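Next, two complexes with chain A in common: one pairs it with chain B, the other with chain C.
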Partner chain A sequence: MARRIASSPSLDLVEAAPAPVVVRGPAWDGRYTVLILFLPPALLLFTVFVVVPIGEAAWYSAFSWNGFGKPTNWIGLDNYRFVLETRAFWLALRNNGLIIAVSLLVQLPLALTLALMLAERFRGAVALRMLFFMPYILAEIATGLIFSFVYDGDYGLVASIWRFFGAEAPHLLASTDTAMLAILIVIVWKYFGFHMMLFIAALQGLDKNLVEAARIDGATRGQVLRHVVIPLLYPTIRLSVFFAIIGSLQLFDLVMPLTRGGPADSSNTLVSFLYNNGISRMRVGYGSAVGVILFTICVTFAFTYKRWFMRDE
Partner chain B sequence: MRLLSKLGLAATAWLLALGAASADTTVKWLHIEVNPAQVKIWEEVARAYEASHPGVKIEMQFLENEAYKAKLPTILQSKDRPNIIYSWAGGVLKAQVEAGVLDDITDQIKGYSDTITPAALAAFARDGRNYGLPIALSQVGFVYNKELMAKANVDPAAIKTWDDLLAAVKALKAAGVTPIVVGGADKWPLHFYWTHLAVRIGGKPAFDAALRGENGGFAGETFQKSGELFKQLVDLQPFQNGFLGFKNPQAVGYFGDGKAAMTLAISSVYNLQRALAADKVGLSEDKIGWFDFPVVAGGKGAPTDTLGGITGWLVTKGSPKEAVDFLKYFISKDVQTRLASGNFIVPVVKGAEAGLNNAFMKRIADNLSKSNYHQNFYDQSLGPSVGRVVNDVSAEIAGGSMNPQDAAKAIEAAWKQGN
Partner chain C sequence: MNSVETTRPPLDPVVLYKALFLAAIAAFVLVPLLATVLGGFKSLGELRVNPFGLPQHWEWQNYADILFSKRYWQLLRNSLVISTLAVTLTLIVASMAAFAFAHVRFFGSSMLLSYLTLGLLFPAATAVLPLFIKVRDLGLLDTYFGVALPQVAFSLAMSVLLLRRFFKDIPYELLEAALVDGCSYIKFFRYVTLPLSRPILATVGTITFVNSWNAYLLPLVMLNTDELYPWPLGIMVYQGEYSSEWHLILAFITLTILPTIILFIFAQRHIVAGLTAGAVKG
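On to the complex of A and B.
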């Protein structure tokens, strides 16, 4: 691994920096040119589209403001208090927790199992991979609309299946008990293919010699999987978990066409809660406070995770 | 060099052409109407206006109801904002006026404004200044399917009190008919029940007192009782299966498909159900009827009090004068009579109601003219923030997840919290 990096031409330049004077001159220049040319646009874009909006949201969250004109009614931290006093906020937080749990406990194992099966070369493997990857390509809104028909208690596919067994079909999206469950199923259906592809790519990049060596040493298939393949997949698994959690926290566009967060806020996520209770109600200050809370959760998670689990990458 | 000068010439000519084109005025008109038959008439009116006013272009833009409400604050503050926007008056209009995003059109409509029903015009005025013009009035009440009512031997004309309605629901259920269809996922169709009960129980004085914070505000007796009576209905399970998952257009279509006996709706549903029915035909005129929202025993509201909408158009800040001019053309006796004769609206221009030619719409117009207290939809009149809480709690009572007392308290808490 180390040897390969050293031989890559772009990195040579950097590694050459502490070398003798002759090399240092042009290398330094090169670095500065790159910095001067490439840093400002990136920094500018980052500032304009990331730093400023975050700062603005934090500023707005201290006002009672309906979005018209300039915010003038300063209320300090009251918006945060209002948010924490809203039952729907805690429901949304619970739902985000549920999505993360399902992503980790159902979706990832499913994706990994399928990847282990489909990473081999056999007739139809590619077709199956494409088939499982398809839901991921579909736009979220379209997926939501399709599933709102599938779940429809009068005409939907689910209703037909139910009736086939002679039972009265439930309206899954209309009950506080089942709406979130229905959404969780769609989430798994939509995103497992993406994680499966990540795992397949990783599996195909594995050093086959290690597996062969283990087999020669007399390891069973199970042992190879348990002690060789999965440990080698750890970096990918960590990445996949990272994507799954951040994706769960941001989930919005699947929820809106399916339930709009209802009934009785039972299927809101943090972002749909922000939209329903902040933006649609013209409570920009309140919505901003939710945004800041969500941002804090994401950032805390991202940094902690990077620090603890992805140190080596 | 020659090529360069040619290019320069071409560029200048192009710029000049561009300048000439922009001397024409475009009036951008944002609407939310989903009934294609009505939009078609609007388009014809716009084209006719363009023909008689060279150099003016009327550009129609559409947004779906919920999306429109959510995007409006942003739209209004963009440089590319539409000139004419849809409005339900009430608290949202108040916020817009206070923010200074609307044009004061008082002077431009002087003289013309006398042609309009005063109460409707007043809904779009604040402190004596006009910011928009009304286009239509509507009333909330029960639209019913005659065949299904007959099947359960229910006489709709005899439903006068809340208890009559409960009895009718029981009879319909016993006959195996879905009594009521409602678009519960949108929540506001459910708030009609809670609000109209409040109008019947407390009348105008109760609403005004609540606004002033008297008698316990919205947590007071009137509003708790609204929830309790609504719960009596909910406990009978009168709605179609899965009603909390139905969006309003779906529910209206369901009624148009003849699958439920009644729907508590805005009078325009009479027309809309045809467009939204699965077969695009829906129920014909002779198959549907109307009865007013029942009265409540001991209620202080008059039986003639109405709940409904006053809808109209606002002119946004910095719009060309042609925007108001077009509105005057659009809300003229001619056009209003034409819309009335298609039975799309209860008109606001005096004399245009003569165009109404069916019993259903004539009855609504008659009701509205007799009404001394026309309550605008709560979710509009209380402003976007508190209004949505009214919708929330109505849906929660309907779903059984909140009791009437907590519902009333939640509204009062939101009212106190303000924006």
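On to the complex of A and C.
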């Protein structure tokens, strides 16, 4: 994507333009001043706060270091070995896999179905779109707190439904069996509206003539959907999947108010695992190793996905 | 995609199922939110027996206590300062870079742009420990800038791409004519590009604002002093203090998400456009 944008035809015309009659030639129109003044702030910020820290993470990951003084205790690749030997790391990886699975199997079909319904014009369609999109703009921390109330075993909504049927109220977030499931439901609640909006935007940009033509040729509504509309949406579906996977790899804020990754590490994501085991204990080397692993997963995924699925865009 | 045929019978079961489905999803979204707002009006005792319904006795005091507390306003102020810093810096820095990438041809420009877009590929969390050490060594730990600067850096990639695409669509003839008339690139940027680009600046500003306003991880790592906490940190502290007094926590949640919801209602278009903008980018 970046490469395509970068190599798109640039302003050849600037050079080809006939020399203006004015005294100030092209070299004096401030073009170079722009380069000297306008580029460095962005490049500097980006380098100092994004690129260098990533490089340093790779360097620090070879040390056993608590962050104070200079890193001196070189231990080579041991931090990576420690990470891979931690059971909680694999649980976190599994949970990220679960999140991706639910995004693909539950959230995406739900978002698509709703988009197909709400892209039509009828009374209340716009209001419903906005309502479904709203959870997406709420802070993850607030969402997490709201649902820790919903799931609360004493005061929560779920508990009161259970009690209504005369059953013992469960503490969903306190059990290793249900904590991750409870988080997955919150994830769908929070993000389906975003994916729905992606699909609605795509549907509205769709060439209506194709649908008309298929209808005139005698296709049923179901056939139009399956053979015309959905294929036209493939680029958006691929994009939505991309966002779902990248989103799952960065998920953290939502987990903290709900479970902090517990009980017994059963609901950690990779980032909450990184926080609990590296950041909060200032184990810089270990945490950096987790960061490098996460970085590798993200970059490998992004490049592979773009190469395999988004070639034509 | 067309609306249902006009000759449909009055009670088409398909329409009925659709309506039921939509109502169910609407309830799924709304019930937790409404229960939160209403829960803030209940006493703890009532919350336990009646978490769903309207309060029998409206406890305005829960909300009033928070609204008249210094703490609530301090949290909002901190969040506002950090978000405003992030938005201002992002808009200035990103629009300048985007202008250079859009209008000046120079050796290595595509390479530099690809370098910046690397930022799209991974989350800030991957480098948060070295970032913490960097911010500490720069003496920015426990300052607003220590949070805002990394936020700006991580939002640059997307911002520069969005702005550059918009800037490129400004007709070349305009720049040419201005240059012939002796206008410099910098004046053109200041007096033509920026005023013409208000919609995209609003969009980029909105994305940056919402992300910064809601952020948790960076402030959590960079700030130690309660007085500097933005609201997501503050509300977690509050929840820790009042651990099971859910009626107070619910009132506090309601009041902290209120600004977001008001902003959403008034700036729906920009927010939806902004947050789904990455999609259009392709």
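Here, the second predicted complex is superposed on the first by the 267 of 313 C-alpha atoms of A that agree within 3 Å, B and C clash if a C-alpha of one lies under 4 Å from a C-alpha of the other, contacts with A are read in each partner's own complex, and residues count from 1 in each chain.
Just so it is clear, a contact is a pair of C-beta atoms (placed from the backbone, for glycine too) under 8 Å apart; a residue touches a chain by one contact, two chains touch by 3 or more.
Everything numeric here is computed off the predicted structure, so don't read it as measured data.
In the superposition on chain A, A:299 contacts chain C only, with no contact to chain B. The partner that reaches more residues of chain A, of the two candidates chain B and chain C, is C. After overlaying the two complexes on the shared chain, residue contacts for A:51 are found with chain C alone; chain B is out of touch.
In the superposition on chain A, A:82 makes contact with chain B only, while chain C stays out of contact range. When the shared chain is aligned, no partner comes close enough to touch A:102: not chain B, not chain C.
When both complexes are overlaid on chain A, the residue A:122 reaches chain C alone and has no touch with chain B. Applying the stated contact rule after C-alpha superposition, one finds that A:263 touches chain B and leaves chain C untouched.
Applying the stated contact rule after C-alpha superposition, one finds that A:171 touches chain B and leaves chain C untouched.
When both complexes are overlaid on chain A, the residue A:91 reaches neither chain B nor chain C.
By the touch criterion defined above, A:62 lies against neither chain B nor chain C after alignment on the C-alpha atoms of chain A. Shared contact residues of chain A, touching chain B in one structure and chain C in the other: 67, 154, 275, 279, 284.
Touching chain B in their complex are the following residues of chain A: 64-69, 82, 153-154, 170-171, 173-176, 179, 259-260, 262-265, 275, 279-285.
Those residues of chain B that touch chain A in the shared complex are 66, 69-70, 73-74, 76-77, 92, 95-96, 98-101, 184-185, 187, 241-246, 383-385, 388, 392, 395-396, 399, 401-402, 417-419. Across the complex, chain C is touched by residues 1-3, 5-7, 10-11, 13-15, 17, 20-22, 24, 26, 29-31, 33-35, 37-39, 41-43, 45-46, 48-54, 56-57, 60, 67, 110, 113-114, 116-117, 119-122, 128, 130-142, 145-147, 149-150, 152, 154-157, 160, 189, 193-194, 197-198, 201-203, 206, 208, 211, 215, 224, 229, 235-236, 239, 243, 246, 249-250, 252-253, 256-257, 271, 274-275, 278-279, 284, 287-288, 291-292, 294-295, 298-299, 302, 313 of chain A. Against chain A, the residues of chain C that register as touching in their complex are 1-3, 18, 21-22, 25-26, 28-33, 35-36, 39, 44, 47-48, 51-52, 92-94, 96-97, 99-100, 103-106, 109-123, 125-134, 149-150, 152-154, 156-157, 160-161, 164-165, 172, 176, 179-187, 189, 210, 213-214, 216-217, 221, 232, 235-236, 239, 244, 246, 249-250, 253, 256-257, 260-261, 264, 268, 271-272, 275-276, 278-282.
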